[in-house]
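In this document, chain identifiers A, B, C and D correspond to the written order of the chains, with residue numbering beginning at 1 in each.
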Amino acid sequence: MSAPAAKLPLWVEVGLIPLVNVAVAFLVAGLVVLFIGESPLQAVRILLWGALGFGEGIGFTLFYTTNFIFTGLAVAVAFHAGLFNIGGEGQAYLGGLGAALAALALDRVVPWYVTFPLAICGAALFGAAWAFIPAWLQARRGSHIVITTIMFNFIASSLMVWLLVDHLSPAGSMQPETRTFAAGGALPELGPLFGLFGADMGAAPANISLFLALFACLAVYLFIWRTRLGYEIRATGLNPTAAVYAGISTVKVTLVAMFLSGALAGMMALNPVLGEQQRLQIDFVQGAGFVGIAVALMGRAHPLGVVLAAFLFGMLYQGGAELAFDMPTISRDMIVVIQALVILFAGALEHMFRPGIARAFALMSSPQRRRLAAGEEAP
Amino acid sequence: MNDREPAAAATEPAGPPAIELIGIDKSFGAVRANRDIHLKVAEATIHGIVGENGAGKSTLMSILYGFYQADRGEIVVRGRKVAIASPDDAIAAGIGMVHQHFMLVDNFTVLENVILGAEGGALLREGVAMARAELTRLEREYELQVDPDAPVGELPVGLQQRVEILKALYRGADTLILDEPTGVLTPSEADHLFRILRQLKEQGKTVILITHKLREIMAVTDRVSVMRRGEIVGTLKTAETGPEELAELMVGRRVLLRVEKAEAAPGAPLLRVENLTLVDARGVKRLDDVSLTVRAGEIVGIAGVSGNGQSELLEVIAGIRPATSGAVFLADGSDLARSADPARRRQGGLAHVPEDRRRMGLVMAFEENESAILGYHDDPLYRSGAFLSREKVRADARDKIRRYDIRPPDCRLLTENFSGGNQQKIVLAREMERGPDVLLVGQPTRGVDIGAIEFIHRQLVAMRDAGKAILLVSVELDEIRALSDRILVMFAGRIVGERGPDAGEGELGLMMAGIEQAGAADGRSGPVVPGLALKGVPTR
Amino acid sequence: MDFQAVVLILDSSIRLATPLLLACLAGLYSERSGIFDIGLEGKMLAGAFAAGAAAWWAGSPWVGLLAAIFASVALALVHGFASITQRGNQIVSGVAINFLAAGLTALLGQAWFAEGGRTPQLPGEARFASLAWPGAEALRQVPFLGPLYGELLSGHNPIVYLGFLMVPLTWWVLFKTRFGLRLRAVGENPAAVDTAGISVAFLRYRAVIVCGVLCGAAGAYLAIAQSAGFIVNMTAGKGFIALAALIFAKWRPWPAMGACFLFGFLDAIAIRLQGASVPMVGEVPVQFMQALPYVLTVVLLAGFIGRAVPPRAGGIPYVKER
Amino acid sequence: AQDELSPAIVYDLGGKFDKSFNEAAYRGAERFKEETGTDYRDFELQNDSQREQALRRFAQRGMNPVIGIGFSQAQAIEKVAEEFPETRFAIIDMVVEKPNVRSIVFKEHEGSYLVGMLAAMASETGKIGFVGGMDIPLIRKFACGYVEGAKAVNPDIEIYQNMTGTTGAAWNDPVKGGELAKSQFDRGADVVYHAAGGTGIGVLQAAADEGKLGIGVDSNQNMLHPGAVLTSMVKRVDNAVYDAFEDVKNGVAMQEWAGVEVLGLAEDGVGWSLDEHNAPLISEEMKARVEEASEKIKSGEIEVHDYMSDDTCPATM
């Protein structure tokens, strides 16, 4: 990547430039809406109303947000180690298996609060295991983690279809899905909490795994920025040569970071499997693993940024569903387009606007700064 | 510059020079890599260019080859002014270049490499046939034997270099630039190269040869230009000069800065290195049977032109890369050479100030306080429970900032926002403050201003006086001389000699250039320290 | 299994391998030039949509093919701009392109045709029809040769032949032409190309465009040759299988054909031997067959059966320096 | 508000224009709209997670009745119907036992029996095929009736049977459908019946491309490839939808609305299609035999086995 033309203040680097990138992504999305002959403003209005305008909308927004926090964190943790985990989708899928196995075993015997911790372990372990294999292959055998995680997404998909169709679906069922869990395998919903604020969440499936997601954010923050292992992960991601100099094992860092990344992706499954459907369905991940990439890029791999970006995408998903309802020409695929544009502008083209911003910045600020931004002059 | 040696005007040969550079200027940001360069290279001669690391030699040649654009100045080839905007133009003007790092495609055959960019048509068939014939001719004419169908990656370095030369000749180069061509060659390969160069000269080709090795200059060149700090400080006829004069021109007269230090009182050996050998991935010996001992209370300096194995020596001792054979012992007597585990060595009391702080010593995107514990992050000192205690890390950083006068005194600033000198102080504070028994120091003052140099030197001497063993690597000969109690000279991966601290600059310079047993012709004595602008470039 | 059945499975393999082959060769050009491309899937999908839409509007498969190439090249240029000009992360750019294509095709399909993202079903003349070779019918009854000629060789649509012709052509371009020499060189050591006076960026852009053209053809095959219109997400991972085949083939054209044919064959088997029991193994789940290409690729990448070393400069933006 | 008519339909994954099952529902709704001027809302699912939300959204907005097309909506309808006891729901192809849900199921085996007979009579090779969508009991019900009908005509007939897949994606994979059909043609079949939704488009296409015969399903698909579609096993989803709308318009009571409606040959819920596109393919004799069998089924003289009654099929291939 090209070196920055000039040093810019911190708030420009971590605030303004990412914001401009995302803004451009949305602007282009607006053009797409215009192109198909609808009014972007009207679309935004419906979208916002659908996402935040009423209790149930908010409930759904929070439900999707929960998914994206998990998958966004998963991608972010790997980013910190300099790894690109495209396998969140498959890891979440496998995580669903772990969660469902725990629920199927326990739902009829114990209350949810006993099942929940075990389901968390199941989801995290299965997801982590699915990420660990590509990590090990990269660390020990030198295979490219991007390619292997892509392949593992497909393998996960085949594996899960096979399990659901041939082994997990109850006899006589026409759907490839497990039986519906009993109360011991269902997470409490946030409805009562909404009630405290006088809002009605309706049938929205937001549930307490949202708190698990927020807790995961805190844990990831503490882990990455406050522990020795987190320190080693960041050092390796930012400067692998310096990490080797410092005696940090890159093998260990790769394995640990991917293990955690997979565990986080796996935990995403708790929300739809135990929280919403109370059963394990085919394809329940619905691309959330990929949304995680956009969320992590947009949130700059920081838990706080991930929460904000996840909420934005949660709004897009819920609002987008309403939009598809009210403006049938704008199908829900619009969200995928926005997601793509965010990844493109905030990821692949992240430096495109920097020179321009640096120049504009130089013009607007004091002469002293101007010199700095124009590149040091010859003495 | 007012202390420049008057450039000895080389006598004009008949006819226009093969290459003439007029008033070339080139800056990289604040660094003026070339300033007002005037250079004439006569036709059918071998013209040497010497100068210290970072003097601007490669930059000048890259401008001539169109890889960089000069800020100012003209290039005249055979009396005709030419605009060289890209390597394409240079090739058209009959200029070829053999780069310091070969520009070869490893999994291509020799033939494919030679014709790349000069295929002679959209289809390869005719071009290949032509090239094969042409290679046979060149081979005969210049002793450039090499199997045209061998994959380049499998050839030894010497042969790869021949391919580079063949590439240039195949494109019809009349002038051939070689940038430090012998750095990677064995002596016999180098001798063969020089035979080829002489052959080229006899056939009327012009050769520009950049090297650090004065022996080579004396052996093959007709004329030699000396560069210092971006300028040409002299162009001489080789026959009328000698290594001593060249060495002096290269180094120039500088600000003298005396390092106050008492006589060393060496104690027990704390670091022992025995028969260390390192063969790199290409099969080149980077370290060749190196043995040395550093005792408590002494500074051992390693002098040498960069690229002669000093960096590798430090990295092997520090545990960053494993040795091919040999042993490294710390005071506790354990042999560490085969395993690469820097953390264990740190625990054993070995600290390491790496040569390249940006690439290796610091994490530029970390806050200062985070960079300041790199490698020591496992120390219980910084823990509180399972966590790395921010308070303790920052308190420690603030303490070091105060004692090393790191500016600005803000441990939350990102490492990349500190100036070069202050970045270096961050590394030094980290590595020295913990009282290691053995300290490895690479280029401690590279890119650092005079004030900081003085400070750093005082710290190193203080450590020595506290009974630590210090192994110092620097391309600044004066720094080595100012600080070391013993000086080892490295050349081509071997230690070629040991001298005391009062060894003459010229003598050391000759040893560094691969000329052993030179007569001691020393103008000055006493330790000197280089000035501000003498910044080296990492040669990697 | 009798000879006839084998021929029929091979015949089916050819049909299923064709889009993989085109996409795989597309990736070969791009990756040989040092631009990694995980966006094959997206470009193929965009091509399929453009082909379906344009062929329906114009009533001609050739217009469809052109439109497919146009759409796919447009995405290829986005990838080129991000990874060559802006020196961005090639993986991230590829991911973005896959999503962009997935989203835009479904969105535009719904907006334009209101058939759930599908394009209208094409009449016969708007599709690529099978070409029957002379004498195929007559020879059909001849034992051995008949089926080989009549089924296996004859009776495919033009894009199938195009795909398989691309193999020797790619080999020839890569190893016998100046462009190919430079292409291979720039993927290994762009600095060598640069110092030889050749523009790295221009060379890579051309490679990326060729990649777009071939992906477009692959997409067109799916929408207007194999099927009679575009369906949402009709590539269904074929771009990634092509990528797997490319790795499997170690970035070489003839092995690429082998790998694509193998993966097509696995697919054909999976379709035909549904639930059938394989001697000595018993009943093999279809899902296992579907996952096999990916598993094989992972095993290969891990170096357990030979090593796949990508072009050395692949994935790294070229920054001019000594 | 419970009797006010503002109908809504949620189509299944195959989409409104699958030329088959969902499209039949669409046509029923359109016919109702044309005849009565009553507009309706509809929604096409793009993934499974949307079902519940879509049904609920319609119910919330006071749509009535809300009709879910396809068995896979069952769970969602069950849940949402509970939330909105005042709203009338209907589901096609599945039974949901709720006081406000009408379950409409068809005797597909009866219609399949008839087209099986036609296939056997049209076949010159004595080999015919069946391509199913997702491998579920419902589709086996089609297959079983088809086999029984074919065997009734020609006890020695050979029948190839393939299912496209095991997930919802199997409804929308025409490429695979085409490949499966081709594999059956290659083995000698010359008539192939599909019960595979959107996948079937590929089956019929393959039949047309190969010069063989296909049999459509759900909607009348004869016009897709005139001359290459022998007939279609029509399932009058359109009538079911139309009737449901009509019932609400006429204000039937909730008790009458709810319950299970089983539509077979006798109720004109299933049948086979004969129009100008396939008339040349159906000889008088074929027509006569099928009509005779049809009458016998209606009268109970012939009883076609329902696979879903015991998950077995007595007729073997």
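In this section, a contact is a pair of C-beta atoms (placed from the backbone, for glycine too) under 8 Å apart; a residue touches a chain by one contact, two chains touch by 3 or more.
These figures come from a predicted structure and were not determined experimentally.
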Intersection of contact sets, chain A vs chain C, gives B, D
Out of every possible chain pairing, name the one holding the most C-beta contact pairs. A-C
Using each chain's Cα centroid, which is most distant from the centroid of chain B? D
Where the centres are mean C-alpha positions, what is the separation of chain B from chain D, in Å? 80
At what distance in angstrom does the C-alpha mean of chain D lie from that of chain A? 40
Roughly how many whole angstrom separate the Cα centroids of chain C and chain D? 36
Could you please state the distance in Å, as a whole number, between where the Cα atoms of chain A are centred and where those of chain B are centred? 46
Which residues does chain D have that touch at least 2 chains other than itself? 46, 166
Residue list for chain B, restricted to those that touch at least two other chains: none
What are the residue numbers in chain C that touch two or more other chains? 106, 117
Among the chains present, which pairs are found to touch? A-B, A-C, A-D, B-C, C-D
Can you list the residues on chain A that touch chain C in the complex? 1-2, 32, 36-37, 84, 86, 134, 137, 141-144, 146-148, 150-152, 154-155, 158-159, 161-162, 166, 290, 293, 297, 328-331, 333-341, 343-344, 347-352
In the complex with chain A, residue positions of chain B that touch it: 27, 29-30, 32, 318-320, 341-346, 352, 354, 359-366, 370, 373-375, 377-378, 383, 386-388, 390, 414, 417
In their complex, what parts of chain D are in touch with chain C? 15-17, 19, 44, 46, 162-163, 165-166, 169, 172-176, 178-180, 182-183, 186-187, 198, 201-202, 205, 208-209, 224
Once bound in the complex, which stretches of chain C touch chain A? 38, 78, 81-83, 86-93, 95-100, 102-104, 106-108, 110-112, 114, 117, 237, 240, 243-244, 247, 285, 287-288, 290-291, 294-295, 297-298, 301-304, 310, 317, 319
Which of the residues in chain D end up touching chain A in this complex? 43, 46-50, 52-54, 56-57, 60, 71-72, 75, 79-80, 83, 134, 136-138, 166-168, 311
